[in-house]
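Both complexes below contain chain A, partnered by chain B and then by chain C.
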Partner chain A sequence: MFSAELFTQTLIAGLMIGVLYALMALGITFIYSIVRMINWAMGEFYMLGSYIQYVVVAHALGRDLWWLAVIISTAGTFLVGYLLEPILIKPMYARAMERRDDYATVVTIALLLMLRSLAVVIGGPYQFRPETNLPVMWVGPLPMEGARVAASVCALLALLVFYLVISRTWIGLALRAMAQNRVAAQTSGVDVFRLDAMAFAIGVALAGLAGALLAPLFLVYPTNGAVATVKGFEIIVIGGLGSIPGALIGGLLLGVVESLGAGFISSSYQNAYGFLLVLLVLLVRPYGLFGERGREA
Partner chain B sequence: MNRRVVLGTIATALTVAASAALAQEPMVFGVITPLSPPGETSLGQQVKRGSEIAVDYINEKGGVLGRKVVLSIHDTAGKNEAGVAAYRRLVSNEKAVAVFGFIHSGVNIAVNEVAKEMGVPTMGTQTGAGDVTAKHYDIAFRTHAVDPPRAATWLGWAKKNGFKRLSVLAETTDYGIGLAKATEAQNKSMNLGMEIQTIMFDRTTTDLLPQLLQVKAFKPDAIINVGVGQPLDLMITQATTVGLLPTVPMVTSYDAPGRPQHWQLHKEQGVGVHFIAFYTQKSKLSDVGEWFVKKYQEKYNEPPIYSALNGFANAIVFAQAIEMAKTTEPKALIKALETGSFKGWSSVPVTFPQAEGALWHNWSPPLMILKYTKVNQTQADAEVAYTLGDN
Partner chain C sequence: MADLLVTEGLTKRYGGLVANDGVAMRLAAGEIRGLIGPNGAGKTTFVNVVTGIERPDAGEVKLGGAPITGLGAHAIAERGLVRSFQVARVFGNLTVHENLMVPYFASNRTHGTAGALARASELLKLSTLELMTHDLAKSLSGGQRMLLQACAGFMIPDVRVHVLDEPFAGINPVVKDTLIDLILHENRTHGAAFLIVSHEMEIIRRICPQVTIMIAGRVAAEGPLDEIARREDVITAYLGRSFQ
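Let's look at the complex of A and B:
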């Protein structure tokens, strides 16, 4: 079934989910660009953010203050990340390990399992849904949950704020310096260990923000972060590892391809379209649309 | 000679002692059910509760063949490979004599492929796909409605309401594919002349908006929601957003809305949802069924739903069959299940005839469609919108 209106609606749906996908990918790409490690537990910080959102809305603030709960969830996830980094990630640099990638993989996968099991123990295997007071809104010809529109707007704002912090502030300058040359940054007086913790916490807080914003739409349950992790990695392959514009464009592309594919080709393969896009990008630009070709000394 | 006699006496004494020890060893009933996402956890929890009460009931009555019964519960998270691994462990390591608790058809079908070699019988607690029993394996039993009567129920309901256009949104699992095919096949074989739009989706998807936009463009009279767990709830939420619900009635393919979480998740959006059900508090129960309902209410301070009743019934049916066979030997147990008539939760006795197709070794509960008419309604208060055979 095809009509111009249906195509427009499906395209808008794809763009809206694409912005949310971008937010999921941003934390992964940011942590990689600064700390040079892949955080496999990123989806679990997304899950943590969604649980905090539910608990705060359902048991403390109520639906009218959902936006305050989003701030609390993001801050809470930031705090957990900031406290965990010195215990789990810092030894990777402080002890000058030879096989840092292996260490990071093992530690973050262990963290993934621990957080997921903790969610099952504390909240049980059930699904929850934090409420908002947002009504259904019209985006062009398409009715959308108010929470989805708010999540997309917040995601765009978060991307903008994040870009400004990275490009216009001293801390952003220091983080960029670390991303380019860690030793040179340290020689210039940058406290790289403190900034490692900061970068890790900011990265996981972005995942927590995504989890809090999407909780009313995609529900809260112990494994809800798995999708965020998969989509996040698909996007950073498409957009390029370490690229913020790449995360946004990659997210939008993935959202649109999945949406149009599901709407007009076959809905059965909705998730497969994303992987086809990943394969296509890998064939044409192996370092991603906005990524830089790796340099080895 | 004397030495031989002494050795023989010792050997006999040891054999008797070993037999006595074996007789005292608890009998293991295996439960393979989803207790973590993306499996249908709320139903898995209900099966767990029901089977735990069943074991209490059996042990209070003196156990089975003089042995106490214990449960060994394994979580599949709805994944086939986890179910197969659990079955192997149950049979090889834990010496389980019966295995039940299945909710996801795919898991049940995958386990049956292994069970037909290992021999210990399985019972589908709430698995609807035809292939669970349609392969006619000796070890495969089920106490749940299969695809054809379920499809017949919503088609009958649609016919009764004069509907002509149906949208079927089904997940790409054995369960979803089976029900989608059964709906299309019966529409043709019964000459109902309905126009049916079938859309299949991956059950791990987090966004059903593209699919629901296609449904909206089709302008159906009703929607059949063949999602299990998270996709089922996602479809209710997103169908409301795009303006399909509550104008276009939606029937969920099983009784998930019967659980209390339905209202926690959907609030006023949950009103108007129709769902296939196999039990209401108005259903006629056996004496053990009545005992169970009372016990469950006392223990959990809420009425049981069908999954709990079936978890309970599976355990007591196996217990009765073992008593009838007078052994836990699999072939004798299977023979007893095939020839006996057992007491379950319903007033209708449980039997497993060697019937045609998916009805092989299958006992089916009565089927109906219930409809919520106000917020926080319980399944017991839901309106009976249709009972199979009404028209």
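Let's look at the complex of A and C:
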């Protein structure tokens, strides 16, 4: 049975989760554009963000200060990324390396395994749920968990801040320049290694933020980043690798498609609808909705 | 005049090929020097090694007496040695104006932005790119990109040496003249030295009192172009040996 009201509700729910998907995809695409590598451990930074959120809420701040915990989780993930990049990723550029992609793949998959195992060692194979003080809210005609609404609003805010930093600050200008031409940026005097670390940290912080925001809904456990990674890469294929608008639109699109599929077809296949979308996009535009066929030299 | 840029015994090998074989060169402050040589003589390799794009296998590069061998490209740019590329490397999806501001902000000088903005508009006027200030750089022609690339180099504060790799290749005569004027203006008003790699002998004759010629990875001769061009070994390198 189809009604306009139900359709609107499903659409809104899809857009709300889509913003969070977009956050994840933006992190992947941003790191790819600047550092020229795929970070396969992205989901583990999501996981890290969710664990920090749980620990801070449960053991320090309490549920009323969940929003402060979100900020701490994001900053914590940023810091971990900023410290790890020079150790793990920088050697890829500092030494003349022949197969950079392979190096990055091996290193980030190793990081993925290490972080997951670390989570098991420290927290055990259990599920945790950080609490929030948010009541059920009404989004139009739709009752929604407060945490879900808060997650969408915070994610939207984060996207706005990200946009302002990239478009208005000089670091943003340098990052955009670097994304377009690394060597030219370097010869213009841009310290590309410092910005590599910065970009990597910003990218993983976006994942950490998504993890912290979604922790009350999707729970906290060692492999909770796996789904986030898969969704992130689905969006990258849909939107086009290296495209920031692609990550945003692709995220929203995936959220809406999943939500509509679950609402009107069957909710047991929720994760499959996204893959159908991926197949469709690959058939029509193999380089993604916003991707370019080739990069400008 | 004191030597500003000095290389000694600079050597770069690619496997068995010795692209640069003990290159020694001295560039004085404020000089405009031409670097010529037949294709494959190692000119671009030399430029890459001097400007930190590649590491030399042996030898030393000094800028103003301080060694800069093996430093990263951005560190070398910071010390006042800046290069341009044969295929202009501009940031296609930034505007012309943003392209000029990247090198300025990269120098970590956030004060005096007003001065930088004034300088940017001066350079845009000199390079005749003024009307395209807010266009994306990818909409520029090849020659205009060359001009933009050169201007971007001039935006870096306190540059002492500009190394231009084939700045005149494949661009139209009007843009060529604009670029020459720009180089001469920069040299006169800021005293910046230039090392210009080019095959355009007319232009080299016009603006470079001294040229260095490289043949097979070595410096073969130095002096005024017309003097060098008469030398037997230089003619042989360019044209091959006759059958006589």
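As a working rule, the second predicted complex is superposed on the first by the 293 of 297 C-alpha atoms of A that agree within 3 Å, B and C clash if a C-alpha of one lies under 4 Å from a C-alpha of the other, contacts with A are read in each partner's own complex, and residues count from 1 in each chain.
Rule of thumb we're sticking to: a residue touches a chain if its C-beta (ideal position, glycine included) is under 8 Å from a C-beta of that chain, and two chains touch if they have at least 3 such contacts.
Keep in mind that what you see is a predicted model, and the values were worked out from it rather than measured.
Visitor: Thinking of the overlay built on chain A, is A:Asp191 touched by chain B (first), by chain C (second), by both, or by neither?
Guide: Only chain C; A:Asp191 stays clear of chain B.
Visitor: First (chain B), second (chain C), both or neither: which does A:Trp170 touch?
Guide: second
Visitor: Of the two partners chain B and chain C, indicate the one touching more residues belonging to chain A.
Guide: For chain A, the partner with the higher number of touched residues is B.
Visitor: Where does A:Gln180 make contact in the superposed view: on chain B (first), on chain C (second), on both, or on neither?
Guide: second
Visitor: Any idea which chain A residues touch chain C in the complex?
Guide: For this pair, the touching residues of chain A are 96, 170, 173-174, 176-177, 180-181, 183-193, 296-297.
Visitor: Which stretch or stretches of chain B touch chain A in the complex?
Guide: Those residues of chain B that touch chain A are 35-39, 41-42, 44-45, 77, 172, 199-202, 204-207, 209-211, 213-214, 217-218, 229-230, 233-234, 237-238, 241-243, 261, 264-267.
Visitor: In their complex, what parts of chain C are in touch with chain A?
Guide: It comes out as residues 51, 53, 55, 72-74, 77-78, 82-83, 85, 87, 89-94, 98-99, 101-103, 105-107, 110, 138, 149, 152-153, 156.
Visitor: Where on chain A does chain B make contact in their complex?
Guide: Residues 1, 3, 6, 9-10, 13-14, 17, 120, 124-129, 131, 136, 142-145, 148, 217-219, 221-224, 227, 258-260, 262-263, 266-271 of chain A touch chain B in their complex.
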